[in-house]
Amino acid sequence: MPGGIAFEFPQLYFTGLWLTIQISVLGLLGALVLGTLVAVLRVSPIAPLGWIGAAYVEFFRNTPLVALLFFLFLGLPLIGLRFSTDTFENIFRAAAVGMGLYHGAYVAEVVRGGLLGVDRGQIEAARSLGLSYAQMLRYVQLPQTFRSVIPPLGNIGIALVKNTSLASTIGVAELLYAAEIVESRTFRAEEAFIAATLLYLVLTIPLGIAVNALERRMLVAR
Amino acid sequence: MRPDTWPMFLNPAIWGFLFEGLRETIYIALASVAVSFPVGLLFALGRLSRRRWMRWPSTFYIEGVRALPVLLLIAYFGIKGSALFRPIFGQDFELPLFWAGVLGLSMYTSAVLAEIIRAGIVSLPRGQSEAARALGLSHAQTMRSVILPQALRLMVPAMMAQLTTVIKDTSLVGTIGVFELLRQGRTIYTQFFNPVEVLLIVATVYFVICFALSRASRRFELGYTPRAARIKIQDIALRDQAA
Amino acid sequence: MIEFRDVHKHFGPLHVLRGINLTVRERDVVVIIGPSGSGKSTMIRTINKLEPIDSGELVVDGQRVHDPGVDVNKLRRDVGMVFQSFNLFPHLTAAENVMLAPRKVRGMSAAEARKKAMALLEKVGIPEKADEHPTRLSGGQQQRVAIARALAMDPRIMLFDEPTSALDAEMIREVLDVMRDLAREGMTMLVITHEVGFAREASNRVVFMDEGRIIEDSPTAGFFEAPREERARQFLSKVISH
C-alpha cells in the first residue's frame, strides 16, 4: 500500500503530521491577525502608517522564508530574544512565528484589496452617521470584506501548509523531516516521501476543494 | 549584535564569497526557468487538449505537483536524483546536486507556469480561434500563430512574478548542499558567529533582486487583462508564490 | 452551391435549428433576417462547420460537410467568414492579418502574400493602414481588414454575421460599400443583416427565420413591400422605423 511505511514509523510520521498541523494553525492565526493589522495600516489616511504597512509587505514578499526562519531561531537569541529556553520549544515557536510573519504579508495584500473594494458610499454613509474612523472600520468596512477575501485566504492557507515543510530546515521534526529520517534509516526513499506526500495531500486537497467551491459560489453570486 | 563583527565586511573576500553564492542562485533560477517553460507549455496544451489521454495525465501532473511542498521535491531529487538517471546514463552516473535542485524546482515551476499559460489561453475571446479556424488554419496552426503569441504576451507579468518566486526558492536548494547565496551566508556565520548581520545582508540582496523584478513585471502589463485571467493569476500568486 | 436538407441542431436541451431547408446557387446574395436568438448565426456557422449539425444533410460546394471524412480545413478555405466583432488578430498588423492564412495554409512566400494582401487592402480602400495594428483602426476599418482577410483565401462563398451591427452609422456605409462591390462581382454571399437598404440594392433573395425555422424565402424584389408571412410582416414593421 502506498504510504504504508507511515505505519511502520508511526511515531515519526504522526507526530510529524501533528507538528505540521500545529504550526499551520498557529501560523495562519498569526498571519490573519498581523495581515489584517497591516492592511488597516495600508489603507489608513495617515501616510506614514501606510508606508510602514507597505514596507512590511514588500520586505516579506521579496525575501525567502528560510532566511527568515534562520534569523528567528539563530539570530534573535544572539540579540537577547529567545522564544523559549527549551531548545525544542524555541525552534517550534520560531517556525510558527516565521509562518505568521511571512504569510501575514500576503494576507495583508488580500485584505487591503477587500477593503479598497468596499463601496466609498458605505464609508461616507458611516462617517456621516458620526462613526469614528475606527468604528467605521470595525462595524462597516471590515465586515464587508469577509465574503470577498475568503477564497484568496484559502489559497494562502494552502501555501502555508506546504511551507511548513521549511521548518524542517531549522530542525522541527515535522512531516518532511520525518520522511528524511525514515529514508536515512531504511533507504526506501520513494516510500518514505510518498507517505509524506500523501499526508500533505490529506491537508491540502480538502482545503483546495473548499476554496474552489467557495470561489465558484462567489463567482455566481457576483 | 556584536560591534566587532561588522568590520569583517570590509574584507573583499567575504563579498567575493557571497557573490559566488549569488551567481549560483542566478544560475539555478535561470536553469529552472529554462527547463520549466517548455515543460509548462506542453502541460498547459495537454490540459486543454480534447483528447482524454492527454488531458487527464496533464491535469493530474499539474494539480498533483502544485499540491506538494517544493522543498519535498527538492529533497527527494537530492537523495534519489542520481539513482533515477542511472538506467539511462549508466551505473556510475552522479547527478550533480545543482541539477537535482533544478529538477525539483523546475518540476514545481512547470506546473505553475502551465496554469499561468492555460489561464492566458482560455481568457482570449473565442472569436480569435473561430476566426483562425474559419480561415482554414488547423488546430495546431491556430495555436501557434494566433493563440499562443497573444496568450504568452498577456501572461508576461505573471510569469515574471513567478521568476521572483523561483529566485526566493533557490534558497531551498541550499538544504541539499548547493552553495547558493543563503548557503554561502550560513557558511560565513558559522565561522564568525554573526548570523544577524549576515542574514540581514543576504536578505537585502534577495530583496533588491526580487523587488526590482516585481516592479519591472508591473511595467509589462499590457492594457486589459480579462477578469477570469486576473482571478486565476491572483489564485496562483497566493497559492504558488507564497513559497 | 449550398444545400441544407432538413438540418437539425441542438445546444443541450435547446433545439436551435428545427429542420432547415435552403438552397443557395452560385452568385446568389442571400440576406437573412429574423429576431435575435432565432438561429441565424448558428445556421451560417454550420456551413463552415464552426458548428456541427445533429441530423439532416448539408452539402457545400459538392462536399457533404457532416461526413466524417471531410477535410474541414479545405472546406474552410473555400468559405470566407466575417464576424460581428471583427475578430482581427491584435498581435498582427492589418497586412499580417490578411497574409496569415495564405502563408500558413497555402504556404505562399512572404513577398507573394504581401503583394496579395496589399491588393486586397486596396480593394477595401485602406492600403495606407497596412502596417497598423488593429487597435489603431476604427471599427469600420477593422471590419474592412477582416473582409480582406477572408478574401485572401479566394473563397467561393462569403458568410457575413451581422458585419455592421457593432459599428457607428458613418462606418456602416464604408463596410456596406465594400460588400456591395463584392456582390456586384458575383460572389456567392450569405449575409445576416438588418440593413434594409443593403438588402434591397445588393441581394436577390431574403430569408426570414424565426424559432429555428425558415419562415419565408422570397426574391428581394417585393419582400420588403409585401412579405407573404404575417410574422415577417410584424418583424419588418419593428425593424424599419420609417
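Just so it is clear, A, B and C label the chains in written order, and each chain counts residues from 1 on its own.
By our rule, a contact is a pair of C-beta atoms (placed from the backbone, for glycine too) under 8 Å apart; a residue touches a chain by one contact, two chains touch by 3 or more.
Model, not experiment: these values are computed from the prediction.
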| said: Thinking of each chain as a vertex joined to the chains it touches, would you call that graph a line, ring, star, complete, or other? | reply: line
| Taking contacts as defined above, which has more of them, B-C or A-B? | A-B
| task | Would you identify the chain whose Cα-based centre sits farthest away from the centre of subunit A? | result | C
| said: Quick check: how many Å separate the C-alpha centres of subunit A and subunit C? | reply: 55
| task | Using mean C-alpha positions as chain centres, tell me how far subunit B is from subunit C in Å, no decimals. | result | 46
| task | Could you grab the centroid distance between subunit A and subunit B? Build each centroid from C-alpha atoms only and quote it in angstrom. | result | 21
| message | Quick check: in the complex, which residue numbers of subunit A touch subunit B? | response | 58-59, 61-68, 70-71, 74-75, 78-79, 102-103, 106, 110, 152, 155-156, 158-160, 162-166, 168-169, 176, 179-180, 183, 189-190, 193, 196-197, 200-201, 204-205, 208, 215
| remark: Counting only contacts in the complex, subunit C reaches subunit B at residues 48, 50, 73-74, 76-77, 79-81, 83, 85, 87-91, 100-101, 104-105, 146, 149-150, 152-153
| query | Can you list the subunit B residues touching subunit C in their complex? | reply | 125, 127-128, 130-138, 141, 145-146, 149-150, 153
| said: With touch defined as at the start, can you tell me which subunit B residues reach subunit A in the complex? | reply: 1, 67-72, 75-76, 79-80, 83, 164, 168-169, 171-172, 174-175, 182, 185-186, 189, 193, 195-196, 199-200, 202-203, 206-207, 210-211, 214, 231, 234-235, 238-243
